[in-house]
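By letter and in written order, the chains are A, B, C and D; residue numbering begins at 1 in each of them.
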Amino acid sequence: DLPFVLIGGPCQIESRNHALEVAEELVGICRALDIPLIYKSSFDKANRTSGGAARGIGLAGGLAILAEVREKFGVPVLTDVHDASQCAPAAEAVDVLQIPAFLCRQTDLLLAAGETGAAINVKKGQFLAPWDMKNVAAKIASTGNERILLTERGASFGYNTLVTDFRALPEMALTGYPVVFDATHSVQQPGGQGTSSGGQRQYAPILARAALAVGCSAIFMETHPDPDNAPSDGPNMIPLSQMPAVLARLKAFDTLAKQASA
Amino acid sequence: DLPFVLIGGPCQIESRNHALEVAEELVGICRALDIPLIYKSSFDKANRTSGGAARGIGLAGGLAILAEVREKFGVPVLTDVHDASQCAPAAEAVDVLQIPAFLCRQTDLLLAAGETGAAINVKKGQFLAPWDMKNVAAKIASTGNERILLTERGASFGYNTLVTDFRALPEMALTGYPVVFDATHSVQQPGGQGTSSGGQRQYAPILARAALAVGCSAIFMETHPDPDNAPSDGPNMIPLSQMPAVLARLKAFDTLAKQASA
Amino acid sequence: DLPFVLIGGPCQIESRNHALEVAEELVGICRALDIPLIYKSSFDKANRTSGGAARGIGLAGGLAILAEVREKFGVPVLTDVHDASQCAPAAEAVDVLQIPAFLCRQTDLLLAAGETGAAINVKKGQFLAPWDMKNVAAKIASTGNERILLTERGASFGYNTLVTDFRALPEMALTGYPVVFDATHSVQQPGGQGTSSGGQRQYAPILARAALAVGCSAIFMETHPDPDNAPSDGPNMIPLSQMPAVLARLKAFDTLAKQASA
Amino acid sequence: DLPFVLIGGPCQIESRNHALEVAEELVGICRALDIPLIYKSSFDKANRTSGGAARGIGLAGGLAILAEVREKFGVPVLTDVHDASQCAPAAEAVDVLQIPAFLCRQTDLLLAAGETGAAINVKKGQFLAPWDMKNVAAKIASTGNERILLTERGASFGYNTLVTDFRALPEMALTGYPVVFDATHSVQQPGGQGTSSGGQRQYAPILARAALAVGCSAIFMETHPDPDNAPSDGPNMIPLSQMPAVLARLKAFDTLAKQASA
């Protein structure tokens, strides 16, 4: 069992400068802790609660910035795609294509992503049982691409609330694909603020510890220098200044979990 | 309060002949009962549980058949769209564009659909609270198109199960848009058969009665001459031969509900 | 199929005068509409959200008042019991013993209630599937008492929220026992006001209509002359002044449902 | 933060010999690992799924055996009580009275338990939000007894399924009372085998690790020499032979969690 990977970064690409500054700091934090990093950021927020909310920097501009982060800092990068036509261009700029949870059963998107040959991280839909993710993975694998990651990010639990069923991690691991725990979206409160989603940032680090104690391959955690003023996902992102302490604790739990299973 | 409309038809367009035969029979049933019909059928099943399941006849062929149904039988037709590029061509052939539940927060799709000027029926996501549908409707209305219908089709309730919260009908009606109850998808058991979804067909008519007793503008109900051999949604579609009796009872409940509220 | 029975009354016995006044008015309303009434009221609220909330008038005093209601107005009466020792005395004063939802799996209570020979109305636990109620009924039936009613009163749906799954009515009817729909507790929001439960009174009548459209034997509905000042369940009880109109509409739906199934 | 306590033992007292043998072995395991043990066993299974299932050895016989375990092995003992009259006699024989989840809002039982002065472990109802447990604790504390423990044992998640929301641990800890995680009941599948409950024993140890990583004061875990032939809770109890390895791993996670928070 390899040490856990961090999939992290700000929810969206706010500007070239913002992306490079956050990447530089996060790369430094992860190198100091010897935690492999995949830098994550979105070029488009395609399913905001409200139509008036900020969408993001767009495909072309965003991919150029992600490519620059990859080259400048020597880290793999990840971004999410929302329709089949985005997969090929995104796969030229990034290492991992991510399928959003709402879209995890859209066959055309899964096939187009798979066909790029890039690694594909699929988030489990809030409406899906963990054992149903094998069907999702099989759609991608039908393209001959087996570089698949499966992410738990919470299940619908009544209205405007998600719950994390940690049995989903070993259940999804039965597929043989690496399992990721998305700590910051699992504490989202979808639509919980009327025209935007709320969140419980304080619980993200402890749920990440629980996930590593249960056993998983990667932690997905969004971070921002100033979450309270971020254009999206502010209520659940971790302040960048807290990441060194948070990650150091996560590393200790991961090390213990992987020793213990040896 | 106008009498309820039926949005009905086979889950997918299986062939030109199949579509025309079902349409002819269903049009006859509805005319005999004086129930307005919107004929529904899909040209593509874009989010099947399993990648190996039948996808459907495709955009061009499917739209031509729907246009023929519309012209031949003089009934409005509805089909579902899965990405923004399908909206304009679909709106030339059909009267109502339908947004699938999984896609109800995809801003680009909602805007593209709205911009066609066609009526738009949005299904509420299984992961969404009824009060959050006002944000969805507002995205469409931002295009200047207010011809919007909102459909209840069940909420996630544990794994592989949906539950209908009938409070959602009056809650969504607060938007001022007509509310539809999807009786056959509300009894789906998503992924409930391992590589396909199960269903409880026997409960669809009684939930439709409940919806009309609560009060709604339309019932969505898929029907098929031989559901057990249908390529999709067989476990929850109503046999066409039962539709006259089912619809006659629904009409009586709708009439009573709308008298009573006068 | 017999016409529906109303199980109704104020949540708790506030005083002899209060009980007699409400009973007189409710008996009059039901006779005018030809709806059989079982008068319901509690002598003890044994599981309030908060320990500081009013408990009620107590066993001895309460049973005497219920016996007086029965004699004076010639209607059967119902009350709920909370431990085995209350069953025998309660069964002398009332016609129907009710098992609260939280207690629906307490074997001793079910057996003691069954052994009285009184009719037993068991509320389905918020944590129980409808098909599990056959095991509950079998505990009572093991005493030789088959006078059993099964009540749907909502299932847990996330936190502080209940949802009514109307498929539970036909599912529980498979036992052969009459099924009751509890309209006012199904719209409770347990613990929803911090130290007491909230409720959505406005939805109780429409859910009752839905239940009758689906098909059931009785409607349970609490009512009060002044719910906003009632010592318990105020947010979900129906004002007594609205009961004639509410019940008249329910009767029409019940009549239609039972004609239609003839 | 003190090291975690194990509340453990066989689900029910099967016989004096069985109780003493299991206690001897479990006491030895815990001493070797320096884990404080509270021995748990029930004298009555008062709410079995089915009326035909084994009930247990009874109050008088059971309490005598528990008192003997306490004296012989020098460990505190815990048992669950089901009505107010059992509290005083039970408190003479055991150190901790446990309130079952279904009964966590029964005011009389909470008060009678509190008045004994014994420590009281209340299991959170499957139907209750974690923030509602402060009202439950306040009922006990109103007797002047503040020796209260609060236990998470899963929340209703659709039918026949529980889910553990690990945010409940820090949420309940806001009360100031120690929080317990019940690992073996959290993986129950209530009523999941038709006339008895199922369980997913394999997930109990990993959920216990998650709980300790999140942070809690005690782990509740039932164990049995031969779970597959136990009279109750077999599908979720941990074989006694596996306890040394399971507990050793739990201790490492607890130590790390409590170091890290220092």
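Operating definition for what follows: a residue touches a chain if its C-beta (ideal position, glycine included) is under 8 Å from a C-beta of that chain, and two chains touch if they have at least 3 such contacts.
Computed from a prediction, not measured in an experiment: that's the story for all the values here.
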Greatest separation from chain A - chain, by CA centre: C
Centre-of-Cα separation between chain C and chain A, whole angstrom: 48
Between chain D and chain A, distance of the C-alpha-averaged centres to the nearest whole Å: 36
Chain C-chain D separation of Cα centroids, rounded to whole Å: 33
Multi-partner residues of chain C (at least 2 other chains): 155, 157, 159
Graph class of chain-chain contacts, one of line, ring, star, complete, other: complete
Contacting residues of chain C [partner chain D, same complex]: 46-51, 55, 82-84, 102-103, 105-108, 110-111, 125-132, 135, 138-139, 142, 155-156, 159-160, 190-191, 195
Residues of chain C defined as touching chain B within the complex: 155, 157, 163-167, 170, 187, 200, 203, 206-207, 209-215, 249, 252-253, 256-257, 260
Touching residues on chain A, where the partner in the complex is chain C: 157-159, 161
